[in-house]
Amino acid sequence: MELTYEPRIVGFLCNWCSYAGADLAGTSRTNYPANIRIIRVPCSGRVDPLFIVKAFQLGADGVLVAGCHPGDCHYSDGNYHTRRRVGLLRPFLDYLGLDKARLRLEWVSASEGKRFSEVVSSFTDTLIKMGPRSS
Amino acid sequence: MARVGVFICHCGTNISGAVDVARVVEAAQKMPMVVIASDNKYTCSEPGQASIRQAIVSNKLNRVVIAACSPRMHEPTFRKAVSAAGLNPYLLEIANIREQCSWVHSHDREKATAKAIELVKMAVAKVIRHEPLYPREVPVTKRALVIGGGITGIQAALDIANAGHEVVLLEQEPSIGGRMAQLDKTFPTLDCSACILTPKMVDVANHPKIRLLTYAEIKEVRGFVGNFKVEITQKARKVDYSKCTGCGTCWQKCPEKTPSEFDLGLGKRPSIYIPFAQAVPTKPVIDTDSCRYIKYRQWLAAGEQGKKPPECRICEKICPTGSIAWDQEPQTITEEFGAIVVATGFQVYDHRHYEEYGGGAYPDVISGMQLERLMNASGPTGGEIVRPSDGTHPKTVAFVCCVGSRDQAKGRTYCSKVCCMYTAKHAIMLKEHDPDVQCYIFYIDVRTGGKDYEEFYLRTLDDAGAIYIKGRPSKIYRDGKKMIVLGEDALMGRPIELAADLVVLATGMEPRTGADKLAQKLNISYNTYHFLVEAHPKLRPVETQTDGIFVAGACVGPRDIPESVAQGSAAAAKVAGLFSSDTLVTDPITSVVNRERCTGCLLCVAICPYKAIDCETTRDTRVVAVVNESLCKGCGLCVGACRPKAIDLRGFTSQQILEEVNSLWS
Amino acid sequence: MNRIIVDNNLRSWLKELAEKYTLVAPVTSDGVTLFKHVKGSQVDSLDLQYSNTAVSPKGCFFPLSETMFSIGSDGVNVIAPVSTDREVVIFGIHPCDAAGIALIDRVFLAEPTDTHYKEKRDRTILIGLACNAPSPECFCPSVGGGPANPMYLDILLTQTSAGYIVQATTGKGKELTPAARMEEKDIPLPPPPHVTPVPLEGVSEMMRRNFDSPYWDRVADRCLHCNICSYVCPCCYCFDIRDYMGKDKIDRVRSWESCQSAGFTMIAGGHDPRPTKGARLRQRWYHKLLYFPELFGDIKCTGCGRCVRSCPVNIDIREIITDVQKLNV
Amino acid sequence: MISAQNTIRPRPHTTYRSFVEAHIRQSIAQCYQCGKCTAGCPVAYTMELTPRRVIRALQLGLENELENSSTMWICLSCLTCSARCPREINIAGVMEALRLATIGKKPTPDQKKFRLFHDLFIMSFQFSGRAYELGLGMAYNVMSGQFLNMASIIPGMLRRGKLAFLPHKSRGSETQHIFQRLEGQNKAMNQAEAGTK
Amino acid sequence: MIETIRNKAKEWLEKNDGGCVIGYERASDGMTARPVFIYKPYMVGSLIFDETCVHNLSKYLLNRRGLKTAIVVKPCDSRGINLLINEHQLDRESIYVIGVVCPGMKDAHFGRIEDRPLSKCRVCLHHTPAVYDVLVGEPQPETASRDYSDVARIEGISIHERNAFWKEQFERCIRCYGCRQVCAGCYCQECFVDELDPLWVGIRSGPEDNWIWNIGRAFHLSARCIGCGECERVCPVGIPLMLANRKLEKESADLFDFEPGMDAGTAPPFATFLKEETLEKVE
Amino acid sequence: MIETARYAYYPGCCSKASAKEYTATTRLVCKALGIELEESPDWICCGASSAHSIDRILGIALPAHELLYAGRMKLDLVASCALCFSRLKIAAAELKDDDVRKRVGEVLGQEIPGNPDYRVMHILQVLEKHLDRIHLEKPLKGLSVACYYGCLLGRPKEVAFDDAENPQVMDRVVAALGGEPVEWGFKAECCGGSHVFTRPDIVSKLSHRLLYQAKQAGADCLAVVCPVCHSNLDAMQKSIGKEYKEEVDLPAFYITQLVGLAAGLPPRKLMFEKLFVDPMRLLRAKGLA
């Protein structure tokens, strides 16, 4: 039997924009692949870069960090800090042999349900194309 | 030992239509520490909630997981339900298996069920690590500070005071009244500005609940909603207000004359002065920059260099109450407040930035506000409109709109909103003063959004016979006695040269100098122009991101008088609402510092958007961070940045989040 | 007469051993020499001229970390670690490292026996290689060893121009010796290379007298309290035990630990009997030069020189010994 | 100018507009038609299409009017318009772009003299390296038919030795090579562009 | 040069009773250097400075918080002082910095000095200390061009090769934490690797836990690593740690235009942000 | 002993004919101030207002030729002509664009190094920078000077070194010479420039306005920094006067002539005789000649 590869994605979503956006995708019944497991955080700025590293260490195929669009942070600046942290972590992980395409930082607002589903779909697609992580 | 109960909702068929709830229940029963797992048709219904309450009691549950709709939907509902069964409401975790599972994976029951099981597993893993949390109650100091004594601040102060609360009204200048006090008439009614403003100023002065602090500035603001501690600098007036009766002898006799700020340099005032006749308080201050005796003292102190200034002291000699206090120094006053209203208003854009219009070098190119003073009966010319250069009566007057507005090149892209209207007012009033005057108004667009505004504008064309020329002038220069305005009549598409006797620049509004510094002290945000930023431009127009601090009037953006007054009242209503209870409940989801782990690098202090983190020294003399839980909004920015993991966010601890991640692979 | 095995034969023998046993030998990559599991195909590239490996081979018996046992996710079933049935041959071990193992044996094999250690120790055969390139910081003879000391090995090979002289000292060793690949030759054992001695007279006694000397704090000034010295040491054996949530079981894991790390002696309630850096640094030398000798008679050091070489700030055991001997009481 | 036949049919996306916007690296949609450019332009009085209207014509895509206008040639490149534009649009750059965009087109009678001047000016240094004022002036007067242009000052210039009788040459003939290489480059780029179409 | 250092140290000790000078002395091999703590003026004679003084002594200042201390620093080490002041660990007033203009160090190990520059010195930009109270030597111009050829080499190989390369490197790690102990930027009360609950890193030394430890360590030094190279020098199993650190150094210079430790006042990249910046976005 | 300052110098085409006195006095004054000017032997025309009107790359390549010379010499490049200055400075800015740099490099037949930082200065900046070196032999006391900058020194703001509307550099220089700069609103208005050939009517109108305004502001004379402006304001002055039926008689000096005058250089060397509007009467009246 041929097993299709199902990548596992951990998603850290800020409560105010992206988590609400994910909820809206549900309310609008927008289907997307079931590969993502969402962890709700108050702000994308709560995401310690080590959470991301830890998820990868445990075996995540992809990690999504999603927050409010720049300028829209519920806490005024949180996502700007996230952008710097993830912006530095991505090239670093890539350098260490973990393709930077596996770590995504996206801005999804509470009104962007459709966008959220597109992000998950395209991320899942990318990961399927890349295949399992080499260990 | 945690005893977890898991309750899985069918949500009618909303969940069970895509997720095999029975399998989720079965899987949940096997999860670590789970004592009971069951399902419900509608968990949020009263019977559904009752079954949870019952299960908590009968199974001695101390943690609850509800797998249902989004926590953004029913978290408060279920917290109450859990709480009703005697459990701390924060020992609840919700697995979102509807919005983020059944509704988005309806095409694949197998995967949806598998995901639902994992979502429950994550919630169980997290809830085991939940701790009971307790909201804190903080008392509210029912006393408000209103910063800015213009019409907005006056209105806010009066409304708060009339609601029965104490108010301190703080004004940086020697009198309240603000910009409105400088106006001659107001559009579109042509009311006498002073006639409607000064009674309100007197009300402020006489109100038993209002304390007026003029000639004062904010030094530092600490604390949080309900409990602000504000340090105020009372500038040195050199006049003892406890003795002064405001009789006026001093300012009549003072021999020194210096350009009047109130009259925008068009007239003069003495060194000991009240800014204008109806000033409140009607007590003078001594302007230390121009006072002869102060200069003499400075000369003495400098060791007698240069020419000896006269040792005047006339005011002191003639003051019947002995109120002159040469040695008075600035004082710091510390006051406590429960709420702060910021109404610092605006200042007129300084047209010196327009070098192409002469950069302020031509006396006959004046600002609209200067014209107000020229028109005002108590102004420097007694209401006679004359050219500042030679005192003649101008017959041809050119107006230039949008000076310092809608001009990206001057760093002011916004529309100042009031200039079209006040220019129309000026044209009408000039015509009233002198029927021979012909006004030409250079404009880009005429904006008349307001009740009766368009009708007023039409009067300018009709009654006043003003000629509107569409086109922003490019240059103003002097040719003999005339001021030449170079423009284009955009409607004809041809250049135009207009020789005018007087040019009035309709200068726009900008925030008061220092608005940014004040905003920093208050920890509220401001935009690139230094206008203060409201919490939401439509739904929370007078609130800020900082609880307990409200904004009103032209410090937020260009506003006319009716809007400013409305905002002052709106802010007052918000303050009264805040003061309607004795205490405030604060969200327990806040950051907390582990003092043992903290290295005192203070990165958290630097990034906290709410200035909620401070530092203190431990007994073993280490400097560590400390969170002011009343200021903390629980964003967790500090936690994400803390290298030693010394700071954590209640409700979203690293432990909890890691357990969620771990549970996906265990 | 000695039994000699020439290089070619030695390597073909090793290849044969690699078939039957798990063969462990020093492998150099990226400029670092470490004992590693070696496949038959790698034997030809083995460097037999190496000076001491970066880390001692004690990890073969007392691994950096090992699962002692696991508990199923039901919290009841105890699962013993799976051990391979294959016996292990450690090839190329120097006499000093073998001496280190012997020192650890005294602790772990004493009653009650450490079963995890013993299990690995019992199924391991040590084929040693006499050291012909001691480092300047080596001083094995001073602590009862020597570059060519066959004492704690099953077999010792000593290199000569004609091949390796094979000495089998234990039954296991004799059994394993490849008779067919050797020839008897009248070639004497070469004299062991010179190793600068460190006089140890009275050191334990001076240690006993100088526990409170400020000397320890002065040395600790520059000590960084890393674990390098303990981890590279062939005879340090401290460990820590922790439980580790695995995918479907909980593992109880034992890992190396060092008396130099800050929390090493932290006890419940937060008290730490060795709170200062000086106290921790002192502990290491007292264990080596006083406590261990008091318990087992010998200094806990094989003179391999690793700690001297690896210490980032040059805390030199030889210097400690000479300094202590000179301390005023 | 504006008559019933001149009914505007807007074409907001024209090649002129994209060429101009690429040249000034700005969007001319930024212009809100305040007319400050025209107001300050020292030569607007003699233009049929004032600078503001040039921008308007670009916004509306009125290519014919742009091509037939002399505005961009009358423009002195004094940059007053650009310096004072409240929207910070480089209007002088727009004029420059329009000159470049219409350089290949047949000049209108009014445009002719400007184009002639620039051509002659460039010729005056193309070979010698340095501009030759006297030659330029004489050539221009002859070819434009404005024989008496500046006649009043020529004697004074000669008297003061302010006109050189012969062109002053730069050492080497670098300009010639520059023109040759430029021609080659332009040809190659045109070909490449044609290829992509 | 060494006489200047000794004289300055002596002068300072004479003026600062109870103070301590941290410098270099000859190591027990008679050829290389090691740190020394000098408490008495008459002992300054043992101070040395030469091309074997590879150690970054600024870490030791953390042991002497609030105590009067003079320290001999090379340019790279001096940035450690700025870093620690910036992070509120040190009080500038209590430290007397004897900055030494650095000629570049030799690749010196115990008992042997290779005739080649230490790897960090090959790519060093700053040859004059970033902070000092007294400067020994003539200020040297900075090296203008950054050399990241080492990083570029790794960037140039395929993602799979990178993965394999680092896996092999990290596999060797024996978790002795020498890298951490020697690092001036590592001063947490409790390192994340030692924390039990939550458990960031398992104590099991295996590929997975070694991976997260080494990444976590490096990332905690992102935009903080001052390039002193001590971690790599002390690693007993030769893991090229600076190769990881330098990638972060390069990125934070490119992304944030920040070089750690160059002064004590600039806000570090993670303490601030620019609203308009766009860091390379997800493709 | 004053340290010698060295600059690369770009005289511009007019230097050989209509603006002889400007170039000559520039050199003279610089020499007196200890400023060395290095002129490239093979400088070529900057293209003036024509090249960039015909071809964008040509408009950059011509001035770039000179920039490369200064770059090789590692000197700041000084131009005395405002138009040349403007073209050089704009070209320097344009060369920061990779694509432009590549194309210009091809046209010039030499590679232009990346990250170029070509510094271009106007002679006014040089004069102001070294003002302290002037020994005032003959302060221009009582001489009211309308400083005329022309349209290009303050524009566009990316390359300008002074305010676009009310520039001050020359006023400071004149004031330092002891003269009295007058305040007037047309310091930076255009004179009509090169339209002298194509539309002399424009030049008359614009220059007339300048002369009229300067006169109205009470100026005794003009100070000018561009040969084109100078020709319009000086050489054309008489015919403008005729056209507008009023005698103007406003001598127009090059700023360098005024510097030289104040520094006490012999009037003969300052080539006042090259001016169309004779300044000698004015200078004598002010006791300066």
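Per-chain residue numbering starts at 1, and chain names A, B, C, D, E and F are given in the order in which the chains are listed.
The rule we apply is simple: contacts are C-beta pairs under 8 Å (C-beta built on N, C-alpha and C of every residue); 3 or more make two chains touch, one makes a residue touch a chain.
Everything numeric in this text was worked out from a predicted model, so none of it was measured.
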Minus chain C, touching groups are one piece
If you apply the touch rule, which chains end up adjacent to both chain A and chain E?
B
From the centre of chain B, which chain's CA centre is farthest?
C
Pair of chains ranked first by number of touching C-beta pairs
D-F
The distance between the C-alpha centres of chain A and chain B, rounded to whole Å, is 35
Can you work out the whole-Å distance between the CA centroids of chain D and chain E?
61
Separation of the C-alpha centres, chain C versus chain E, in whole Å, is 31
Approximately how many whole Å separate the CA-defined centres of chain B and chain C?
70
List, in ascending order, every residue of chain A touching at least 2 other chains.
49, 54, 77, 81, 85
Pull out every residue in chain D that's touching 2 or more other chains.
80, 84
Quick check: what residues of chain E touch more than one other chain, meaning two or more?
190, 192, 199-200, 270
A full list of chain pairs that touch reads A-B, A-E, B-C, B-D, B-E, B-F, C-E, D-F
In their shared complex, at which residues does chain A touch chain B?
8, 10, 15, 19-20, 22-27, 29-32, 34, 37-43, 45-49, 51, 54-55, 58-60, 74-78, 81-82, 85, 117
Which of the residues in chain B end up touching chain E in this complex?
596-603, 606-607, 621, 623, 641, 643-646, 653-655, 658-659
Give the list of chain E residues in touch with chain A in this complex.
151, 154-155, 159-167, 192, 200, 207-209, 211-212, 215-216, 218-219, 222-223, 244, 247-248, 251-252, 255-256, 269-270, 273-275, 277, 279-283
Contact set on chain F toward chain D in their complex:
13-14, 16-20, 41-45, 47-58, 61-62, 65, 103, 106-109, 151-152, 154-157, 164-165, 189-190, 192-202, 206, 235-236, 238-239, 273-274, 276
Residue ranges of chain C touching chain E (in the complex, touch as defined)
29-32, 34, 54-55, 64-65, 67, 135-137, 218, 221-222, 224-228, 230-232, 240, 242, 244-245, 251, 253, 255-256, 258, 261, 263, 277, 308-314, 316, 318-319
